[in-house]
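Next up: some structures, all given as structure tokens.
Okay, so chain A shows up in both of these, paired with chain B first and chain C after.
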Partner chain A sequence: MENGKVRVGFYALTSCYGCQLQFAMMDEIIQLLDKASIECWFMVERDSDEDREVDIAFIEGSISTEEEAELVKKIREKAKIVVAVGACATQGGVQSWGNDRKLEELWKTVYGDAKVKFQPKMAEPVENYIKVDYRLYGCPPEKKDFLYALGTFLVGSWPEDIDYPVCVECRLKGYPCVLIEKGEPCLGPITRAGCDARCPGYGIACIGCRGAIGYDVAWFDSLARVFREKGLTKEEILERMRIFNAHNPRLEEMIDKIFEEGE
Partner chain B sequence: MYIPITVDHIARVEGKGGIEIVMSDDGVKEVKLNIIEGPRFFEAITIGKKLEEALAVYPRICSFCSAAHKLTAVEAAEKAVGFTPREEIQDLRDIVYIGDMIESHALHLYLLVLPDYLGYSNPLSMLDRYRKEIEYAMALKNIGAKIMDYLASRPIHQENAVIGGFGKLPTKAQFEELKRELKEALPMAEYTVELFSKLEQYKEVEDKEMVHMAVKPRNGVYGIFGDYVKVSDGFEFPVEDYQKHIVERVVEHSFAKHSFYRGKPFMVGAISRIVNNAHLLYGRAKELYAQYKDLLRYDNCFANNFAQALELVYFIERAIDLIDDTLAKWPIKPRDEVEMKDGRGVSLTEAPRGILAYTIEVRDGKVAYADIITPTAMNLAIMERHVRMMAEKHYNDDPEKLKLLSEMTVRAYDPCISCSVHVVKL
Partner chain C sequence: MRYVKLPKENTYMFLERLKDWGDLYAPVKISEKFYDFREVDDVRDVEFHYNRTIMPPKKFFFLPREKLFEFSISKAEYRETIEDVKPFVLFGLHACDIFGLKILDTVYLDEFPDKYYKVRREKGIIIGISCMPDEYCFCNLRETDFADDGFDLFLHELPDGWLVRVGTPVGHRIVDKNIKLFEEVTTEDICAFRSFENKREKAFKYHEDWGNLRYLLELEMEHPMWEEQANLCLACGNCNTTCPTCRCYEVRDVPNLDGDTGYRERRWDSCQLRSHGLVAGNHNFRPTKKDRFMNRYLCKNSYNETLGLSFCVGCGRCTYFCPAGISFVENLRRILGTKEPKCPPEISEEIPKRGFAYTADARGEDL
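Let's look at the complex of A and B:
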């Protein structure tokens, strides 16, 4: 804290900048910033510096270059609290969907034999490199996620994780079930709630952008069994679940289990 | 020995890029826009994936124009599988796209561009003296966001736009609400035009050789979707031929490729649309165009800021008209069944920052090939040329001044660097 103001940094790694955009687009930001000083936030502040000390560091994006791996270590040293924001920072993002293929192969597909002077890597979540104190999930996170997290920090508390699936909110809203009634491969049952079941509300199957629920209660296997009954192959099930969960350590073994069981 | 003048991380743009100006005894030796964001391989990672899932992933290329990516990808996919949407569905897609246009222009003009001209390093500290401007920015951005929210599920990474139409449509009352708020926003857009008409368009970057490219609107009205591309040299080509006329090259200082037309850099964006399609404007925007024609110069990239301000007025009026058309046809069936055939589809649309190109090839319901070229990738080469022109005029000045002017040149293009990083040729 400095002059009674919380020092905030917002840092971007490899991403679409949507988490920051969501944050910058909140009408409430005007009131919030009375209580904060922006030390580093390149998207809005020209006078930004990654070397300044901060109370709260928000990090968006996956680690996709060697330079970014170094940057997060520096941010960790300068920050009291580190918050990983959004699907890229917490789960490696949709760019991790390709991590079943080799970097060289992806590189060749996109850039051919050409070389550039930076060192690319396969996308990884931030916590593979540094200790992360809190996480805001979603692609992008909801505005209320930011408000809730900042609010708790400002009163000296911390944000609690959501440990129940999208289905809970979907039932409370009274939407028709996309999985059972429409027969579509909805990932609601394994995905962390907090979005008020937005997509199922439009009759669209959840693609899992808030990531699998933690605490080992994301039942990939049970949902895979339902998908298999609907005619999806093991590869199709894995690919769908991997869009936002490519780095989940339990996903593959749980799907394997279902397919080893047989019909 | 000269130390290069560098901006490591250009502030107030979407994405991560830097500027490097290398000097020698003879003046400016080299100017490079370094694109330092990591690659995300979007086209490569979606190969072999289910079409619907790939369509959920493509918009994640960019947050400022996720609706543009979504709708362009969906159109390319529909063409690939041999489906043409009903006119009322196309109108609704236009409305969603306009929501993106309004939000993106408002954010760019007020929060990214204006602080430079008023002498601030960030838009939030402008609040004390320029409260009205910030409030207008928020209100304009909010109506754009609300359109995307109501029609397409949310302002960033919309899921409710699918092959065949929409999962669900807003209520009639929600359309009425949008129309009311658009009408309230119109005077703010006109104020934006007035405000930006006073901002300097730096003569240093005047470039008589500038070539502009824009999609020729499909229905004879200034807009977003089309089947041909117009070039300001008089050439026209069908969108399917874009890979012949927009040629990409890898450069070593960037994860983004550079694009060339007939071997030379070209520009896309709001000013390129005006240069090619101004005769298709109507309503208040047409009057304002006549009034401010001299500021909408083809030979100065800074005119892009003013062109965006004019487009705010145009697209707000256009959205009101499209909502009227929609309500006249109410009720509307949200979605048609689409039979998945194999094929290849190309869609070029006018994203807030200029032409966005998608090719998608579908085989057995899966993506067999994808090619995406984003407006910023198309603009990188000409952007470098104009930063160089700026540097050539100011290399003897205070480096801080040169840095700011170089950044302002880049910002005039409204670059979306995340977008540009992942361009693919298979």
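Let's look at the complex of A and C:
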């Protein structure tokens, strides 16, 4: 803190910049100006500098270049609290979906023979390079999660992580269950809540943008068994669960287990 | 008790008149197969023959998510945010759901009244309706298939209308104010009522004694059913959130960006979630999915001393709304031995050690 103000930074790696846009457009951000100084946030502050020390660093995007790998290490050194923001920073994002293929192959598909001035890498979540203290999930993340986390930091406390599935909020909102009723491959049971089950609320099965619940309580195996009974193949199940969980270390082994045990 | 008859042709007029007593909520179809209690504008939307609503009526009294108070850290003050609740009419509760509310009352009103629950309970008028059980219903085994009280009016279906039981002074007033809509109960109506009740009794899938269930559950902790069924479980919490008697909640403080003020909120919790048993020091007294799975079975089948009933009212929601297709009833029947008799039971050599201190197979380093 400096002059009683909390120093905040918002940094972007490979991403669509949708996370910071989501937060930059919040009316509540005005309340923050009294309490915080924005040291680095190119979207909202002209006088931004990545080299300044901060109390809270928010990072969006996945690490997909050598330069970004260096940048996050620098941010970690200069920040007291590092918050990974959004599906890319927390889970590697949809760009990690193809991580079963070779970098060269992915590269050719997108850029062909074009030359670029950065050194590409396979997309990875921020926590694969530096210690992450807190996470804001979603694609894009929820404004209320941002307010909650920042507000809690500002009163000198620590925000709680979300460790329960979308299904809880889907019921709290009173929506019908698309998994039971329509047999849709809804990922609600393994996906972190916080979105108030927005997609199931529109009758659309969850694709898991907030990522699988941590603490080893995302039951990929049990859900795969349910999907198999509904006629999905192992490949279809894996494909769907990998969209936002490509880096989850438990996903494949848990699904393998189900298909090994047979019908 | 007072009994009157509501002729069929007056049903919609009666529903319309109920709106004089407050906002009217009743079961309506919300999707292809599901029903829920929703505010009713056109009384012709009301479903009289629904099986079960996805959300239990507790949602009107114990809100799914609720702000409890606002606070200021610098002033060391808090202000309770108890809503000024308008009177409302809840039409179409089945007997099991009325028992569900009675069970919640024993928790939230009797000893240490919950202000937020109480203020809503006082403003809600309850109108019950008879039902014909489907294959998921087992309220007969729970002795919650016929409500003696806990309602203002209870409507029993007759071929040409409804036999109405009047349960409270408010019920009397509703009838008296609309006396022209009602008739006297005839001998024929009584016959029709009896035959409906007879038919209903026979429609239940199981007729058996569950008297010693709670003891068997405690004794059969080593039964293979637990492991096997917990393995199927998604731990999504649907069984808890759709249950008419689940009453656990989680509390959270949400500070504003001014670094001083904020509010506290609560939301329905589920014992199938990791954090339900999580306590200081990162200990968890129900560290595995199986522990959490067992907890619900034991909690639902424990004894409510005030009512002399179990905490499960046999509505069938936890089975009907389980995405993994786990049958609460069939699992209980396995323990009871009605499904696959297993005697003498297999007891492992070792004395069962329970609790986080003994868990060898707890997974995950952050558990």
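Note that the second predicted complex is superposed on the first by the 262 of 263 C-alpha atoms of A that agree within 3 Å, B and C clash if a C-alpha of one lies under 4 Å from a C-alpha of the other, contacts with A are read in each partner's own complex, and residues count from 1 in each chain.
One rule holds in what follows: a residue touches a chain if its C-beta (ideal position, glycine included) is under 8 Å from a C-beta of that chain, and two chains touch if they have at least 3 such contacts.
Just so it is clear, the model here is predicted, and its values are computed rather than measured.
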Message = Clash or fit: chain B against chain C, after overlaying the two structures on chain A?
response = fit
Greater chain A contact set [chain C / chain B] = B
Query = Which partner does A:Arg240 contact after superposing on A: first (chain B), second (chain C), both, neither?
reply = first
Task = Name the contact category of A:Gly93: first (chain B only), second (chain C only), both, or neither.
result = first
Inquiry  = Using the superposed model, give me the angle at chain A's CA centre between the CA centres of chain B and chain C, as a multiple of 10 °.
reply    = 110
Inquiry  = So if I take every C-alpha atom in chain B and every one in chain C after superposing, what is the smallest distance between them in Å?
reply    = 11
Request  = Would you mind listing the overlap between the chain B footprint and the chain C footprint on chain A?
outcome  = 29, 203
Ask   = What part of chain A is in contact with chain C in the complex they form?
value = 28-29, 31-32, 34-35, 147-148, 150-152, 154-155, 157, 160, 163-165, 167-168, 171-174, 176-177, 179-182, 188-190, 203, 214-217, 219, 222-223, 225-226, 229
Task = Flag every residue of chain C that touches chain A in the complex, lowest number first.
result = 30-34, 36, 54-55, 59, 64-65, 73, 231-238, 241-242, 252-260, 262, 267-268, 270, 273-275, 289, 321-325, 363-364, 366-367
Request  = Mind listing the chain B positions that touch chain A in their complex?
outcome  = 9-16, 36-47, 49-50, 53, 56-57, 60-64, 66, 107, 111, 115, 121-124, 127, 134, 138, 141-142, 145, 153-157, 159-160, 162, 166-168, 250-255, 257, 407, 418, 421-426
Request  = Show which residues of chain A lie in contact with chain B when the two form their complex.
outcome  = 12-19, 21-22, 24-25, 27, 29-30, 33, 38, 41-48, 62-65, 67-68, 93-95, 97-98, 101, 105-107, 109-112, 114-118, 120-121, 123, 139-140, 198-199, 201-204, 207, 209, 236, 239-240, 243
